[in-house]
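Chain nomenclature is as follows: A, B, C and D, assigned in order of appearance, with residue numbering initiated at 1 for each chain independently.
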Amino acid sequence: MTKKRAAILGSSGMIGQRFSHMLDGHPYFDVVAYCASDRSEGKRLSDIWKLPDIELNPSLGSKTITVTDAAALAKEGVEVVFSGLPSEVAGPVEDACAEAGLAVYSNASSHRTDPDTPILLPEINPDHLAAIEAQRQRRRKGGYIVTNANCSVTGLALGLKPLVDAFKFTDICVATYQALSGAGYPGVSSLDILGNVLPHIKSEEEKMGSEGRKILGGFSNGRFVDAPISIEASCARVATRDGHLEAVFIHHKDMPDADRIAKTLSEFRGRPQELGLPTAPLKPIIVRREQDRPQPKLDANAGEPARAKGMAVTVGRIRVGKDRLRFYLLVHNTIRGGAGGSVLNAELAYREGLI
Amino acid sequence: MTKKRAAILGSSGMIGQRFSHMLDGHPYFDVVAYCASDRSEGKRLSDIWKLPDIELNPSLGSKTITVTDAAALAKEGVEVVFSGLPSEVAGPVEDACAEAGLAVYSNASSHRTDPDTPILLPEINPDHLAAIEAQRQRRRKGGYIVTNANCSVTGLALGLKPLVDAFKFTDICVATYQALSGAGYPGVSSLDILGNVLPHIKSEEEKMGSEGRKILGGFSNGRFVDAPISIEASCARVATRDGHLEAVFIHHKDMPDADRIAKTLSEFRGRPQELGLPTAPLKPIIVRREQDRPQPKLDANAGEPARAKGMAVTVGRIRVGKDRLRFYLLVHNTIRGGAGGSVLNAELAYREGLI
Amino acid sequence: MTKKRAAILGSSGMIGQRFSHMLDGHPYFDVVAYCASDRSEGKRLSDIWKLPDIELNPSLGSKTITVTDAAALAKEGVEVVFSGLPSEVAGPVEDACAEAGLAVYSNASSHRTDPDTPILLPEINPDHLAAIEAQRQRRRKGGYIVTNANCSVTGLALGLKPLVDAFKFTDICVATYQALSGAGYPGVSSLDILGNVLPHIKSEEEKMGSEGRKILGGFSNGRFVDAPISIEASCARVATRDGHLEAVFIHHKDMPDADRIAKTLSEFRGRPQELGLPTAPLKPIIVRREQDRPQPKLDANAGEPARAKGMAVTVGRIRVGKDRLRFYLLVHNTIRGGAGGSVLNAELAYREGLI
Amino acid sequence: MTKKRAAILGSSGMIGQRFSHMLDGHPYFDVVAYCASDRSEGKRLSDIWKLPDIELNPSLGSKTITVTDAAALAKEGVEVVFSGLPSEVAGPVEDACAEAGLAVYSNASSHRTDPDTPILLPEINPDHLAAIEAQRQRRRKGGYIVTNANCSVTGLALGLKPLVDAFKFTDICVATYQALSGAGYPGVSSLDILGNVLPHIKSEEEKMGSEGRKILGGFSNGRFVDAPISIEASCARVATRDGHLEAVFIHHKDMPDADRIAKTLSEFRGRPQELGLPTAPLKPIIVRREQDRPQPKLDANAGEPARAKGMAVTVGRIRVGKDRLRFYLLVHNTIRGGAGGSVLNAELAYREGLI
């Protein structure tokens, strides 16, 4: 198959930079435009780079940022757009792209609740991709939007999927320890977080519930059907750079033992693993047996092979009590829970012939 | 009433320093000995001071540390001992003091599970003090040990008490964000916690369950009766100095609305408030209505008057869902959850004529 | 003497909040207006409070922020204005106040280089206050502006003053470890500083040289004469909240020994100590003999009595080598190096009959 | 040439782990023993791994730690030993190895002041290697010890070398911002460093002076001759993980302009570059022109190719004033300033036929 021409929107932001890195040398997509607002126009990627864990390669660093223009992108033969736009501005820009005939893979929340827009998480709900058919019909030139989920719910949903399927529980509580990169740049003031925890992240708890139900739910007869589960979250920001840690509590009668839980998680594979998608981790869920894992510093980048670093969720400290299961879970918030999520979505679509 | 002569054990540690500060100029107790192991013998309090938030007053700073010797303390007329010893060594030393006829108020966990030793939290279970009668009889010279609870469960139990009484639920989950001072000094390595979260604290989760049930339970016919509640905890260490933050989840049918919860918490008063104990906070539970409170940095020292700083628990973000109550709670781990807990215990005993 | 009616400009910022706290219950000044931009209009101080080390008293917290209006302030009988405005906007606003007849005590850099505006540091150059005479004449209604120095040079100049006078050196190098609060709020992004040091602070190094020379210089025949010294600085930001630490290197032949240096620093007193100004520290320079002091966490608030907390500079690790003196110095950047500096300036002026 | 069998001493520590990583798959050396004290005996490298920036490869992680035994190592055909032992214990252990005929490349300070032991820094003083001849003669079986320099002075000496050679100055001051990994593990208590700076590091300032003079000095007629320079340091610990930042001040008449300084630094090459040693960075000194570099987070790992990551020193903010040069310099303290230094030393010796 031939490579598709791609553009990145919001390429000056934290998610945009992850897109640039993850799509560099990608086997399916060829990024021809790095777009952002006119504030960054003309800058090179090396000027705006904020990811200390990534050594920016010189050829990527020299790319120049241009101003987003949907029509121009379409004219240049771009077929797929990766959007790392902040949710405040993403809505109309992504719509404009879709109307111009582009396939939009978005990290923004703006369209996640649209009735014909999937929140795609390929290991969980690859069938939701069918929803784009309706979009392609209503939009003038066959474009469409597919979103990835909120960073926190991405990790949670991945960790829950094999367990919900196997053990049929419905009642989940979760407390999060979320990293600073989740708030973008400049994001959280250092004066607010130095030696502190901030026990509130705007809209996060609501999203974890509603998006979780949509992702884990079905798609049939042209509509999404929420999963019959309750996710009650308490979300806090801590002084870590990358990787959202989550303390998960599940209530259920007849919970199996910890070994069976671990096995169920470890053996989980989904459609991306079946297809061997380039950014798919060989094992989407890694179970650690050590007492003090997962840790953001040590486990945020979990995932193999190299292209899938940060795409695996790590689960640890599985404890089963009476009617209760507890564990900690870690997800890289700007890779699996951000740019990487949309890259994997686009890879699935490419292989399904939808890009 | 006359002041009682007192000694502090473990006075070189984090809890010991809090004892020294809280008992400085205390109306009931007169500290005449600051004890520690021979490693600190002869040092002055100013040499070992590690509490940046406390300006050590010069007269206190000049006190000299001596080696613990139960018999000598008794001979010098000491009647009450405050123990900030690490749990690894506290057991036999505290026993020796009690056998020497001293009243021991301890922060260590060593004796918390003894069948005639109360885990006292005066707003909750002042009646548990009756348990010391059995101890005084079995010990040679009428001494006894009273413990305060583990730091995390102290805050949780205080926050739960008025709610459990009013609404009769039994099912509690809690995820903690615990401060560094809880691990003592030197405690957590900076290399482990810089930009990280450690999702495991030895024995902490077990203590929250077992101590919580004992504290919130009864004492009758000479024995402790556990409360019929389940507390399932997931405990993590974060890079804050003081103040354990806790995300609490309560499952219950017919949960009242958030305003009623807030009112129930705010209006709670216990025996220490009735008696006007010197270290008792006027309001043991402070409810914050802001979206982003409590925060360790802003709320750890909650409590009035001045002597009760750090003795109030702060509750915020009360959210009531279907069959579920969530809130965040903050407790100063080395004041209310440590030295201050035992000071308040001793104040109650003093007023009850037990010291 | 009667109290003077005062206003605070920029009262929503970090320096403004320090002004509010330091002027609360002040014996000379009565703050009647807390001003800021219209973005904060109508908010209470408790809504915008960002100083975790200060327990905001309820009566102060309930003060309402109003929009700055020089004419209105003058009409209400305000005589003195404390400006915590950011330097980008301070220039014209402070000028308007001075033109309206108000005495402006400013923390902003906007007017520090004006030829008839002193950078006042009362222990060092109380005679520079004479410069306002020229201002009062050129301005329509007798108002004037007096500035305090940049935070870093304030500490350095205080530490240098007694040494320069005694030992007549001219050649100073300094490397700084500056706190986050120096950049205001939200200031430094947490993503930039977590586990990092930023080796550049805009304009800081230049100010240390030029302001240092002006402060330590003379005022005669109506003009400022720079001190014949060189201050070469390298300024970096570190992850501390308050307190700029500075590594000072002085080159000089015939440097006396460390004890004499320590004695010279310790015994230094200035005009504020002579007059017993309310915010003057009894000892403006505190010398610590411990090996590991000063530390921001332990020493930023140095100064006695209570009203002078954060007004003393701490010096430690005095080492004298061949032709070289080295020491570390710490100054609270938003108290002595900020709001407190201007409060002390105004106190001096009040006692000199200039307010 | 054939690969030499090698052992690592102190392999459970921070430096030992860097050795293990840097020597994994090394073209000259084949590590056959990972030694440590009996406390770590039998553990695998994966059990003790503390380097979050390094993904431990499984084959390396499975290596088992054995107890150090010089004679046994010699018997197993080990010829070269890399010592990451703490200085408190290194002295006699390294001596025993040298006496057993082994070539010891050490990061410990124990032998740095020995009159026939070089502090080797191959870009600066490859001729100092000649000093081992005397050692081989006095030791029974022809073994010897070569040390690398203290972490802070390594970076400084590299940055100074081309400038001292070109511009002949003698007077250097330096203030450091040192990373936590420099203190080993567990090292600095999190309670000491959270939101703080510690302005004292034991013996560090003395070492910078004495080691700097030895390294930059000569070796002739069988003895080391100190360079005629003065290095006066003020050393502080900050909350960064890796990479010592240093503010350097040089006094000199007729200092050239910043561009010439930058060019002199950038173009510097030494013997390792000539020989193309595997761990030699192509450019030992990288000059950054941005205003806010070097930063520990962004620049600690500077150096190409992949094997030389962390081996280049980064210099930035070059400012030339009257008679004064200032710049910031960054060195990875456990790579170039630690294990990497000794690896490069051994590579040089291997190529010179001395191993």
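Heads up, the rule we're going with is that contacts are C-beta pairs under 8 Å (C-beta built on N, C-alpha and C of every residue); 3 or more make two chains touch, one makes a residue touch a chain.
Values in this document were obtained by computation on a predicted structure and should not be read as measured data.
Using mean Cα coordinates as chain centres, the one most removed from chain C is A. Interface comparison, C-D versus B-C: the higher count of C-beta contacts falls to C-D.
In this assembly, the C-alpha centroid of chain B lies 41 Å from the C-alpha centroid of chain C.
Taking each chain's centre as the mean of its C-alpha atoms, chain A lies 48 Å from chain C.
Centroids of chain C and chain D (each the mean of its C-alpha atoms) stand 42 Å apart. Counting partners per residue, chain C has 52, 194-196, 239-241, 297-298 as the residues that reach two or more other chains.
On chain D, the positions that touch chain A within their shared complex are 52, 55, 194-195, 297-298, 301. Touching chain D in their complex are the following residues of chain B: 50, 52, 180-181, 185-195, 239-241. Taken together, the chain C residues at the contact with chain D in this complex read 171, 173, 175, 177, 195-200, 205, 230, 232, 234, 236, 238-241, 245, 247, 249, 251, 291-298, 316-317, 319, 321-322, 324, 326, 328.
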